[in-house]
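What follows is chain A paired twice: with chain B in the first complex and chain C in the second.
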Partner chain A sequence: MLLWPHWLALVVVVPLAGSVVTPAVARGSGRVAGRWAIGVMTVTFAIAITLVLRVAQTGPFSYWFGGWEPPYGIEFRFDEFSAFSAVIAFIGLLAVIFSQRYAEQALSPKRIPYYYCLLMLNLTGMIGFTVTGDLFNTYVFMEILSLSGYALVAVSGEKTAEMAAFKYLVLGAVSSLFVLLSIGMLYALTGSLNMADVSARLTAGVPKLPLIVALAAMTLGYMVKAAVFPLHIWLPDAHAIAPSPVSAVLSGLVVKMGVFGMLRMYQIVYRADVVDLSVLNTVLVWLGAISIVMGAFFAIFQDDIKMMLAYSTISNVGYIVMGLGLASQYSLIGASVHVFNHALIKSTLFLAAGAIIHRTGYRTLTDLRGVGHGMPLTGGAMAIGAISIVGIPPTAGFLCKWYIALGAFQAGRPFFGFALVFGALFIFIYYIRMVNAFYFQEPVHPEVARIGEAPVSMLAPMLILAALCLVMGILGRIPLSFIEPAVTRMLATIGG
Partner chain B sequence: MKRASVAALLVLIAIPLLAAMAELPPHGSSETPAYTHVSERYLQRGAQEAGAENIVTDVILNYRGFDTNGEVTVIFTSVVAVAAILLLRDEERTSQERSSTPVSPVLLFIVRTMAPFIALFGMYVILFGHLSPGGGFQGGTILGALVIVSTVVLGPDVAHRMVPAPARPWLQAAAPLTFVTVGLAGLAVTGHYLGFPSGDEWGWVGTLMLVVIEIGIGVGGGTIMASIFWMMEEER
Partner chain C sequence: MEGEVVNTWLTLVVFVLPFAGGLLAAPLAKVSRATRSVGLCAVCAATLVAAASFVPGVLSGKVYETHILKLTPTIWMYMRVDALGALFGLTVAALWMLALVYSLGYMADEQRLGRYYSFFMLCLAWTMGVAYSGNLLTFLIFYELFSILTYPLVVQEGTPQAMAAGTKYIIYILVGGSLVLLAIVFTFFVAGDQTLSTTPLLDITMGQGQLRAIFWCFIAGFGVKAAIVPLHGWVPDAHPAAPAPFSAVLSGVMVAAGTFGIMRVVFNVFGVALLRELDVTRWLSYLAALTVIFAAILAVNQDNIKRRLAYSTISQMGYVTLGVSLLGEQAAVGAMVHITNHAFMKGALFLVAGLLIKRAGVHNVSEIDGMAKRMPFTCAALAIVTLGMIGTPPLSGFVSKWYLGLGILEAQQPLYLIVLIGGALIAAIYLLPMVYRAYFREPRPLAEGVSLASGADVSREAPVSMLAPLGVAVGISIVLGLLASVEGSPLSLARVAAESFFR
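The block that comes next holds the complex of A and B.
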């Protein structure tokens, strides 16, 4: 193929160009905008898949924009972690398909082309964020994905949507500033913005205090984006109020960008090996453990299903952050794979919840009693998602949580392994409550129990995702062994 | 109490930040990494190899052009965000006659006389961005301000004709679209996305591509400013 070497650039350029012309192409028609979005995301997904295949065959590779060699120009670096971009494109595609019927009902017709445009910009930003090898470029993509994220929360038109979006905007903007400040300080220290080059130039001669403050500012900024307790306060409202396909994208993918940013930072610092990260790691482990427990604790008291799912995201990000902080081979593999698996599981759950709300118009567990009989396939997808997120074998949630727990023992911190199991029990309780309400309790509204299934364009995406939750449980070894070389490379310098 | 705790928190954050700033390499000294590593090459070779006399333009459009490609997308995102949030209100609102304030003839005369000169200056800033301070962002702001002034003084009907409605969605996306088009053209010519040909023989093509991008940024930026203003004006 002629364009083969350029696909790493095109995986961002194609959705970028596709999204900016959406309002112009659609000319006010939501239907045309929807079809256009499906086309653009399909192409993007296909490109992303070829990149994943290439990284599996040859290992990490780069693209130099404008032909300038790093550090003078901008470099895209596709490593095993960047394979998440394919998941972003895939879930983005499914969310766009799901939106076709959903948007018709939930959004005002004038807004729909802008909705698709924002959704694709958001996905573009995330894909760029995962593949770039340049610090400032990271910030640019973070702004694209954050700005479109704030607007996507407000777009639903519900009463409290604008307030939730505003809260998200203020906290998001502050966190972006922290990241930008940190990038500026790293530039002042090294004179470079290319990640690999910054890492190489962080030598023993670099003043320690500014470096530590820069790393702390970056972690703080990304922790807000990842909604780690106690910086999670923006998340529940924003994720619960957004249109359901957007919730799936926000909860499954956007919060992961915070984690991803931290992962990139760790790559830089581990390679440089100039500062002792044990304090930062301890903070992350504790905050992760607290997030697991607090997220689960708040979720138990929610009656609104989307609110419950939103709090569950806080718990799950807690697992990932704890895995990062434990900094052992197993925990890092587990955390990286959980980034991927949780994206699948949480999108399944939010899409299923969206379909249920779309059909019934209710959103609390009390109102939705018996809906499992009225919508058997959707209820089934929801149940599979629930089992997966608790981490019961053989579903997708099990192996990665198991690895994080193993990592806790490997790092000599068994306490956190137990915290993890304890958290899983908590999570089990509230998902059991949901399954119980859907299937075994007497309906409050009798019509809910015979409401009928959601349209195919909604069923198909969530059933595909639910199936993947099961498949990823059975074939769970594949992502684990795929990500292993990247983690090994990352830890090699600190002898982990 | 609340104020005191906020102040305490701010001080608590400020102390480590200030301490870290104090230990950073001194700002402005030519010995620091910020001046001796990447930017050194920009300053020494930028004018020859990157196609523009103005080094700032070289960096933002050529060396780090892809960042700017992303930044203009951020600006585009802002107009889409405003449209997505304000358009629904438009439907909900009962149509009411907007009371128009009469405009003083002095103001009308000044704006009518100045408008062509403002437009000319905006275009000058855009087109000479590769030689002197200025460029698409700055020039676009001038053009956008002109449309906004026209809206306020000459009335929306006159201003809307400056940016015709059918072309508006394309013009709003002008900046990222020009970037992608020029980027792909660069790919065809040099083999790299956003690659600009350089050297004695092909240097003028590279400069032309920079100017095209500047125009795209200018037109797109101006349209976006005016569009956001119009949407907020209707909302009021």
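The block that comes next holds the complex of A and C.
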């Protein structure tokens, strides 16, 4: 096993290399590009899984580039949170499989190889973001995933798509600048870019004001990426207009990178324990609560299913941000696990919505009345996704809600437990509208109720995801106990 | 003294059987409709037998339990059958069996049968789960999902009224469910444990304010389902919208699931001693008394038969809540046994209402005139059960009211006797006119535009397949009154349950 020492690097190198050579391998054939992408993502997923198994057995481990020891060399560090890279690879694989037929219909043939190239580049950026142990690397990977994300939104070439992509680009670029500024300031303060090293060097002697400004800038930047209210305005258009497999990736995974960035930042400052984070926490808790309610509120007025799902992402990121802000053991576990679970649930929903749009050509609830009868399996997947995202037990969404609510009590802020539970209720109202339209209302277009199922390449990914929505709920103790050591380690220094 | 604990997989069977039935309902119909009917009845009967098999053991003080799987690193999904659970579970299974057999006839010419039977069986599975839940998280899992599984059955007919009723139903129920979730999270945070045993989860050292907050959160949550006034709004709309056999179980056991939840809260989570110390149940008694009288008065004004029965359910469930809130042993026995007695009586009444709708197109009380000549058996059932509801001895309604009355005296709050008797009197006012009209008024010509079910002949009684379950329900209502003191009756189970809570 020549490669084994470099295994952790491979999880980034394989999709990166695979992505950039796609147009060359495909030589203009969308079909070949699709097959190649499936191959690359399968290998990436396999590598990621072995890494997750290793971290479960031995705890976090590192890879030093060129053998240079950090803080001098670049470090990849794989801890329990990095296990999200396996979810990224998995959903990426399913999105690529789903794209095979979808892209044929939705995109012009000569764009298809570039589409796969961009999609894999985006996934590479995210995997890199989750495994890197170096602040500047964080920025590099964030730009890889953001730039490819802008392009992916615009990939269909329609006018509205370009507009949405532009909006996304402007806000995304500004937020990246904030993050870069913050990284620069942290470097100036500590003289290091390695996360563990920065944390160690943040001692009591570091001037407070610049540090606080740096942290605020970083939070602001990541909040835009995570689409926390009121910085969410780029999200609904971008997610609704992108091709559906891309929406699944953007909504399920890309917004999580903002949350992930905050999580990494917390890891650094918690360990250092030099600034009082209670102001930041309070801001996050409130913004989380407002996001939950506002996301749900806007979603109620949407008729376009993908628009609805996009707003629902804002609500769910609200859960996670609230969990981070509550900063208690339970809420952090709940928030971290919801990063994983929401990725699965939202991908289920977007892929199912994609399949429905692919088959019927309609995308509003009114037009889609009765589609549950025409596409029973897709409708079923959508219903399971809806139940999970609202957090009805025993699905995947429930345990996160349980943990975050428990965390609210643990943090001595029961009001936010209340807000969380009733925010979820609000969310359910618009999912009832969806279920009603799909199953219980008279069809507007009679052919929709007899439309017939989507092809297997679309059905399989979404049914696998729907099954996972249930499995992650019933076997919820596995992710919960998996993530627990990381959270305990993170809180250990602040006596939480 | 916790009784002997027996590990068994039977609790899981009671859940898995109807669950499988629900999944197989559509495929079985592909073979033939008869296959589905036989298959589902077999599943339901097996569930009933399994539920009944717990009774002898529970009566001798045993507790059955099953650890299914670990949901979180600390909490098991855990089933536990004690006397209270066994009583409720048996009631659920028996009433479902009757409603299922009745459905075969009632629903024969309806649309979307696959969906109906699937969700009907799934609801049974989840309701059995509620009855046998061994800890709060397990309870929540079954309770929330069964509320949602009910939704397709409420909107089964697909009419605008049904859709509106469904929306109202689901919003009420979800708000209630959320409060229950919050209360359970709070309890878990405070107590750190979940198990519903006879040792209460909470004690006074946990702070009075917190305990009160938890209590009212629970009551508000379960109160929605139990239709405590002013949280009852969904009941009168959902019942007329749903198909009659489903209205029967909706009224008989689904609303009762809310009161079952309240019992779990009062007896298992808080415990009688703690609640006496907190002095909160007084207010619950007031609410329950208000519910009894208020809903009964509203029932008098309803012309739609099913709506009138729905208000009656609210009123009767008020009795149960009242019995629980008095915190006396006799009152608790009365409350528990009234769930069962009411289930069969109200079930029978809804089955009667269904027959009147299906066979004669009669929806309203004012149209019942002279129906006894056309449908003698149906109207006889109506008459008997009406007497039972009012509480005439020796029918089962009398037994529960007797114990409730004893409990009221035991609690030394004789004013509630007025509520008890007043409720029964008003029940006579809203139920007897139906009997009177059926027997003593001349039949009216059928109103213009009344559509009859295909092939229904107004002069003839319903087919035996629908009369049989009705007959059995009426029979059970009589037998539960006559043989109340026999070992193995619901009363004996309720006694065992109450003894364990009042030791």
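Miscellaneous remarks
We take it that the second predicted complex is superposed on the first by the 494 of 496 C-alpha atoms of A that agree within 3 Å, B and C clash if a C-alpha of one lies under 4 Å from a C-alpha of the other, contacts with A are read in each partner's own complex, and residues count from 1 in each chain.
Keep in mind that, in the parts below, contacts are C-beta pairs under 8 Å (C-beta built on N, C-alpha and C of every residue); 3 or more make two chains touch, one makes a residue touch a chain.
Being a predicted model, the structure only gives us computed values, none of them experimental.
After overlaying the two complexes on the shared chain, residue contacts for A:Pro414 are found with chain C alone; chain B is out of touch.
Applying the stated contact rule after C-alpha superposition, one finds that A:Thr190 touches chain B and leaves chain C untouched.
Using the contact criterion defined above for the overlaid structures, shared-chain residue A:Arg111 touches chain B, although it does not reach chain C.
In the superposed model, A:Ala24 lies in contact with chain B only, and not with chain C.
When chain A is checked against chain B and against chain C, the one touching more of its residues turns out to be B. Of the two partner chains, chain B is the only one that A:Gly66 touches; chain C does not reach it.
Residue overlap on chain A between the chain B contacts of one complex and the chain C contacts of the other is empty.
Across the interface of their complex, chain C is touched by residues 387, 392-394, 398-399, 401-403, 405-406, 409-410, 414, 417-418, 421-422, 424-425, 428-429, 432, 436, 439-442, 474-477, 480-481, 484 of chain A. Residue ranges of chain A in contact with chain B, taken from their complex: 6, 9-10, 13, 16-17, 20-21, 23-24, 27, 63-68, 71-74, 108, 110-111, 114-115, 117-118, 121, 124, 128, 134, 136-137, 140-141, 143-144, 147-148, 150-151, 154-155, 157, 162, 181, 185, 187-193, 201, 207, 209-210, 212-214, 216-217. Chain C meets chain A in the complex at residues 69-73, 77, 137, 140-141, 144-145, 148, 152, 155, 158, 163, 166-167, 170-171, 174-175, 178, 181-182, 185-186, 188-189.
Residues of chain B that touch chain A in their complex: 16-17, 19-21, 23-25, 27, 32-39, 41-42, 62-67, 69-71, 73-74, 76-78, 80-81, 83-85, 87-88, 90-91, 169-170, 172-173, 176-177, 180, 183-184, 186-187, 190-196.
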